[in-house]
Structure formats: structure tokens, C-alpha cells
């Protein structure tokens, strides 16, 4: 078993390198398709042809884009994320603190969202068809069908503007005590929990129901096992694969998909950073962010796969 | 702005403010108000509001927090590259200009003690003595030479390269005297030097990340796209110095989030809010709106060298089809002044008040469209969120067109890349022009035959000649007359439809005092941090 | 199925009343979308109200929006975009995702590896950023919007279908079918699909919600349907300034989105057992 899992990880590392390379090229071609380059964007309304040419030369943007991309790729192999075109700062410095911020927000949200979703999903499945199940189902769908910016704005209006309990902005650097951390993170975490939990609840419920219907769980119940026992010991292990997958996908959203939450709460994370990169055509920055999102995503799904295999040996 | 006056709209407020700026006496103002139908008591209120900034005594101390509306990793502390309001605010806190414009639009000296010229071509600038940079170095003429010459180097990427090109030489005569030579006479040089980009940096600066200037604040931390923190400069050369101890500035791009941050007490000032948010601020006690009408406008550009704009009747039709009143009333909720298709704002002393805006007249428009043979065709119209309120304006034109059988295919394109891909390029599109201090700058940037941003490709030799003639004139009356005629030419001949001048509205908390209007833009021409104070 | 436990097994085409409610709401919106241009009281772009965020009144049944336009007309026209775009995109995404996922699970080997890596790569870029880049590069017409949303959500559907199919693929009856010499398409559609259709439909429902949401998220970034039209998410966004006043302009489109997404999921959850649980 252990050697198998190790082999799988090794295999995954190899294929991850391939995925990263694909992402890198895809991002390069997508960026190349975007109209305009860093010099024209920076000059904006002042982009006269000679001003553009001058700035392009000063920023070393006059050599072919593919050459610059290839150079960045080689640098990446040496662990160098390159230098931002826009402000000449190493990309690693730009990303540094913002990456930590993103991971912190993702971590705190996971801490609350995953146990909550599992509990709601499993119980809803056990009492399938009951009023409780209906309420959970309608509420989860109802809540996620409200656009993110609506949840966030409502939360700010309620907790910041009217009740004045929480700050409307989340400046990560202001946090000096645990109480402050709670205050600062409360609203983004509430918003994101709403956003990511629904899929996890739905998928957990569906997967557990599916396995409850299998003959051996029914047999267990017929043999006199309690419902709890049947579900937790017999049904759940078989449902772990799809559940882990759903959790991994939801969590990967927290790495790069929280642009709206970052914007509304003015939280300095990397999603906003990549949007900045795209709008200034800052290739090294875009590429580095894409690689981070990809690594995060691959780590999560590989982890999900390993969990699935450990839980259901037949997949081997 | 919390007190309501019947029939009194924000545009009337602006009118009074402008009159005050033009130097009208109180008596004239009251006459004006009475003519406008406002009760005498109401008139007193308005005047009180427009002049209330003068009364109070500044308080010292406190941490000022303010939020602009745009910020990214492209944020810079290099005044030459500054492009967004956020950059201007930071640069105003850190650096000084040779001159600046007060709320009446008059040139005042800042780092310069005097700027003189006999022929408007060769100018002598005397610098103030005893001014030091944040790192202790004294200000000298070499710093000024370096700061001005930078704009001529294409590698710097200066935003005012086009304007700076008229400077042929800058030399230091002695440690506190600089001589500036222009290619052609330009009487507006002192005003030009008041533009934000012409801030003075230390000689030889290449790394701008430290923000070393002579300004009221020192840089503490600067994170592009996140926030900046400044502390009071104890050695500031202006008497009194800044009132607040520290200043924190960042951007909240979402309009509602910015206002909510203000209402929850997280910030003292939320810059440039949308008209649709005014109701909310007005409904809350302890907050106020500060309005500036300074010549910012969003215009509908019809290129005269491409179809359909090559038919003069199409352009004329558009000028009658655009419902200026509705744009002022519905889109901007009164926070605008009706404009007459030319760029010189009513607050300017050169504004031609004789020139009336074209009336909204769908039948006349239909007549012109018919004459141009374009009635019934579908005309693509490019719009975007990038120029302020352009999407709403496009919708209004589209709707008016639909009623007379003229179809506009409104295409909203992403704001990302709008300025480099659509602006100036598409046959019918929207643009947005920031306030510029003089008609000369507006005309040379936007309407001269060789103008870099000739939005409608307007070409007129007569116009070009008048521009050069007026530029060198030191006789104000003569100048005003020529500029007046040029405004008529633009309004009648160019393809730029300028429906309204858009007011900028900053929402502030009631304990923020000392904020005044400024012709260079909102937030006191972006320099508010130095002048405002926090009342406990 | 209303009160049956998980264990009951009575295949029938009987519809539960909850499913009926879901179905009727969907049909209602579909009808509104189809008839939209004929039933709007005012042109969508016309400014009727002097005031903005106006309340419900006899003249404007659902009040006015931030420009003073009739909200009822805007919601009716918005139904076309939200229902149309989202349904088209979700069908495309789920069909191609499921088909590829099951094929990958059955075929395995290189086909599986390459396809999985390719779609992983696509999936790892956050959806709003992909949307932003695509719209900036090729513009945002309706066709582009549908394809873009479908492409963004295909990898998720693929992963989900594949993980389910891999599980089923290890079952004995698949091995039997294989040794019988059945073709790939037979195994996929006759052996695997019926066994995973339940979770796949649940996935379809949730993905539909996500597409509706992404569409509104794109409006936050300034992309999406062309003015004067707007999908419901864009209506919520452009009128969110009315939230503190409880303006119908922001509440009603939110309710419209919720009613549609909840009904789609209720319908799927309550489909007749015959369709849902063919494995049982």
C-alpha cells in the first residue's frame, strides 16, 4: 500500500511538471493574444508612438516576447520568478506577503467551512427526504445562488455600517492580537464560507446517498447495525473519493478565485495581484501567479486522489 | 450638502461656486440666486456652504485615512509617470511643484519665489531658499533642471512629454535661479508648471521607491497596489506645515465598498463616488459630500476621417440627438454642468458663455441623419466602463436613436486596454478627458491638427494659427477673444460631442475639515492631505 | 419518494410535489424568456422615473433602477440572458465533461494521462481570471460568453465524472462486458453512465448555479451581456447601491436568481426514481 502511494506521488510529480509546462505555455499564448503591451498600457492616454518606443526600449520590451518568455522559463528552473516589467521589482517580492495573506485567508476559511460542510452533507444524506434534508438543500442552494458581492456587501452593511461591530476593510498587516485577527478576518471568512460550502455539502450528500444504496450497506443495516454505524463505518469510506475531490476543488477556489472578496474587503491577496498583472500585461507576474495557482491546485487534487485510494483500495 | 433646498440642484451649487471662483461679490451672487428663484434664506445657506471652509481654525494631530478608487502594481512615486489619482495624491504628499493653483484657479508660487519673462519665451525662475529634501539635502537649481529635463527623455515614459516638448532649454544660472527657454512664446508657463507631473525631485534620482521630496509628508511604507503610509515632515518649509501627524492612503476599487468603509468609520474620505451612491451618504448623519466641477468630461467622439463621421450631417445629428439634460439629471443626478461640445469649462475665465449648448431635438437630428443617408442603418458605438458614465450615456443615445429610427449597436468593451485599443481608434466611441488648467493645453493636446489626442481627427489651419497667436499674447482681453472664437469652431466643426462637465464628488466624514474645491481635480486637486485637519 | 427512506426501492415515474414546483418555476422563467420582447411594459433602455431606486408602484410594478429605468422590463429581458446563456453553457460543459471523463476512465493509459493533465492545466487557472483574459482578447459577444463559460466548467465536470467512472470501472460487470468484447461507447453509455447518473445530475445542478454566479461575477469585472440588456447578476451588481434602502431593484433580481437555481436543483433532486437511480 505504502509503496503504491509513494509510486503514485512520484508519478504525480512527473505529470505535474507536464501540467505546469502546459499552463505556462497556455498563459503565454493567452497573454500574447491580449491587445497592447506594458508600455502602451502604462502610458495610457499618453501613448504616442515615440513615447511607446522610448519606454519599450527602457524596459527591455523591444526583444521578441517569446525570447523573454523562454528566458523567464529558464530562470524559473533556477527558482527565479523574474522581475516585474512594470516596476522593476523582483516578482518574488511582490508576491511574498500577498501569498502569505492568501494562504492565511484560505486556511482560516477551510478550518470553518470543511467540518461544517461535512457535517451538514452527511446528516442531510442520512435523513434523506426529511424536512431537515429539504431545508439544508434549499438553504445551501439558496445561499450560493446569491452573488458573492451581494453577500459581502450585505455583511458589510449589517456588521460594519449599522452595528459597527467589525471593520469594513481587512488589512492583514493590522493584526497584532488574536482578537484583532478574528475581527479582521470575520467578514471575508463568512463570505467565503458561504461561497465554497455549498458544493461540498451537495457533493457529500450525493456521494453518501449513493453508497447507502449499495447492497453491503443495506446488508449491514439488515444485520442490525444502527443507521449511524452503517453510514459512518460502511457507507462513508466508499464515499470518501468523490467527497475529497469536491473538497479539493472547492478549496482550490480559495487560492485564486477570491478576487471579489479581495476587492470588496481591500484584502491584499494574490488574485488581485494577477488581475493587476493582466491589466498591465506584466508577463513575469502573470506567469508566476498562474504557476502558484496551478501548484496549489495540483497539490490539492493529488492529495484528494491519495485519500480516495487509501479509502477505496479497489481503485488500484 | 445634507440640508435640502427645494428646487435647488447640485448644479446650481456649482454655478454659485464658479461665480465665487470667478470673483463675484456677495451682492452679485444674491442677485443671481434671486433671479434663479431661490428664496433669500436659501441663498444665505448656499453661500454659507460654499465658503464655510474659511471659518474654522485648524487642529493638529491624528491619523488621516483616505481611499481613492484605483490602484495597482503599476502605482509609482515617479511624478513623471504618475497616471492615476492615487499616484497624484501620493506625489502631492511627497513633493512640491514650482507653482500651484489655488481654488480660484490663480497661480501661486510654491517652490518658486517668482517666475518672470519679458517675451513669454525666456523665463527666469527664482527659487525659495532654505528648502530641504527629506534626506536633508538643500533644494537647488540643479534639481529643477533635472526634474524638468526628464520629461524630454522618451525612456522616462513621461505622461507630459507632449507638453514638455516646447521646453527647448533649462539651465541653472546660479544655485537658486533657473532659466527656461521655450520654442515659441507661451504666456501660460507658470500654469503649466502647476501640473502634477512637473513636481521637483532631487537631481540624479533614478530610484523613486523612497519618495524623497520636499513635500509635507515623508514616506514610511509604500506597497504598490496595497497602501502607502506617510508621516508628517517636521522640516516642511511652509509655515504651519501639515496638520495631521500621519496619513494613510489606499484604493478601494468597488464604489459601494468605498462608501461603506467611510460610513463604518474606517476612513475619513472616500474619493469620487458615483451619483447613485449619494442618497446613502446623504441619509446618514455625520457625513458630507464635497463637490468639485473642474472640467472633467466624457465625450462621444466621432472621427471625421472615417465613415460615418465623414458625413458632416451625421455629426450634426448626433449633437442634436444627445439628451444633455437627461444625462445631467438621470445619469449624473445633477452633479454635472451642461456643456456645449467644447472643452473649456464654465469655471475658466476663458469660457465663452455666449456659446449655447445645442438643444435636444430628435426631429432635427432625424433631418440631419436623413440628409446624410444614414437613417435606419446600424452604427456601431464603442463604450466601456473606462470613461466615466460612458455606458449609461451610450444607453441614452441608443434609446433616443431608437425613437427616431436610428439604430446604434452599443458595444461595451472591457476597460482593460480601452485607452490603447479603442480610444482615438474606433469611428464612434467614448473618451474621457481630465481637467487641464489652460485652454492652450486643452487645444494643443486635443484639437490642433498635430494634436497627439485629436479625438475626432479635427484639422483646421485657421484653428492652428489662432492657437499659436493666442499662446504668445500677454494681452488677456485679446487672448480671451481668440479663445472664445476657437471654442465656437470646436463646438460647430469638430466631431467631439461633449454633453456635460462631470462634477467630482468626494464623500467625507464630518470631522474632516478644511477640504476645498480645486480646479485641478477632486480631493483639493489631490493635495488635500497637506491642508485638511481632523476635528475630534 | 416524499417520505421513503433511502432503502425503499419502488421504481416509478411518479413526480413528487417538490419536483413539480421546481419544474413549474423553471417553465415559468423559460416562458418569460421566450415571450420577453412581447410582454415588457417599457423598452429596457428607456428612463421613465425621475427618481432612482424608486419603490414599487402602479406604474412601475417593481420600481426603478439606478438610472430610473423600469425594473420589471429589465428583469423580464434579463431572463433571456440568464436562462439562455447558463443553460446552454451548462449543457455543453456537462455533456463534454462527462463524456470525456467516462471515456478517460474506460480507456485509461496515455489517453487518460494526457487528457487529465490538459484539463487540469485549464482548471487550475481561476475562472474569473480566464474570463477576464478571454474577454479582453476576443471581446464578449453572446457566443463567446457561452463557449467561454462552457470551457471554464468542462474540466470540473470531467474530473467529477472521471472519478465516479473510475470507481465503477473496477466493478465486476464492467470486466465481464470488456471480456465480452463490447466497444468503448457501449461500456460508457450502457454500463457506466446509468450507474453514475445520480451524482452527475447533482453536479449538473450545482454547475448551473456556478455558471449563473460566474456570469454575475463577470459583471463585477465589467464583462458580460451588452447594454442596455443585462443578465440578472449584472442587474444585482449595477443596483447594489440600492441595498441599504431595500430597493426592489437589487432585491428582486437576487430573488429571481435564487428561484431559478433552487428550482433547477429541486427538480434534479426529485426526478422520478426511474431516471435517477437506475443503478438501484
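To keep things simple, chains are lettered A, B and C as they appear, and every chain counts its residues starting from 1.
Assume a residue touches a chain if its C-beta (ideal position, glycine included) is under 8 Å from a C-beta of that chain, and two chains touch if they have at least 3 such contacts.
Values in this document were obtained by computation on a predicted structure and should not be read as measured data.
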> If you take the mean of the Cα atoms for each chain, which one ends up farthest from subunit B?
Replying inline: C
> A-C versus A-B: which has more C-beta pairs touching?
Replying inline: A-C
> In whole angstrom, what separates the CA-based centres of subunit B and subunit C?
Replying inline: 45
> Measuring from the mean C-alpha position of subunit A to the mean C-alpha position of subunit B, what distance in angstrom results?
Replying inline: 40
> When the C-alpha atoms of subunit A and subunit C are each averaged to a single point, how far apart are the two points in Å?
Replying inline: 21
>> Can you pull out the residues of subunit A that are in contact with at least two other chains?
In response: 34-35, 149, 153, 157, 161, 263, 278
> Can you list the subunit C residues in contact with two or more other chains?
Replying inline: 132, 136, 221, 240, 243-244
> Which subunit B residues touch at least two other chains?
Replying inline: 256, 416-417
>> Taking the touch rule as given, give the residues of subunit A at its contact with subunit C in the complex, in rising order.
In response: 15, 18-20, 22-23, 26-27, 30-31, 33-35, 125-126, 128-129, 134, 137-138, 141-142, 144-150, 153-154, 157, 161, 198-199, 202-203, 206-207, 209-210, 212-213, 218, 221, 241-242, 245-246, 249, 252-253, 255-257, 259-260, 263, 271, 274-275, 278, 290, 293-294, 296-298, 301, 308, 312, 314-315
>> Under the definition above, what is the set of subunit C residues touching subunit B in their complex?
In response: 43, 45-47, 50, 52-53, 66-68, 132, 135-136, 139-140, 221-223, 226-228, 240-245
> For subunit A, which residues are in contact with subunit B within the complex?
Replying inline: 34-36, 39-48, 50-51, 53-55, 57-58, 84, 86-87, 89, 94, 97-98, 149, 152-153, 156-157, 160-161, 164, 167-169, 171, 263-266, 268, 272-273, 276-280, 282, 285
>> Per the contact definition, I'd like the list of subunit B residues that touch subunit C in the complex.
In response: 255-256, 274, 276-277, 279-280, 283, 326, 329-331, 333, 383-385, 391-392, 394-396, 398-399, 402, 410-417
> Where on subunit B is subunit A touching in the complex?
Replying inline: 67, 72-76, 81, 83, 153-162, 223-227, 250, 252-254, 256-257, 260-261, 263-267, 416-417, 419-421, 423, 452-453
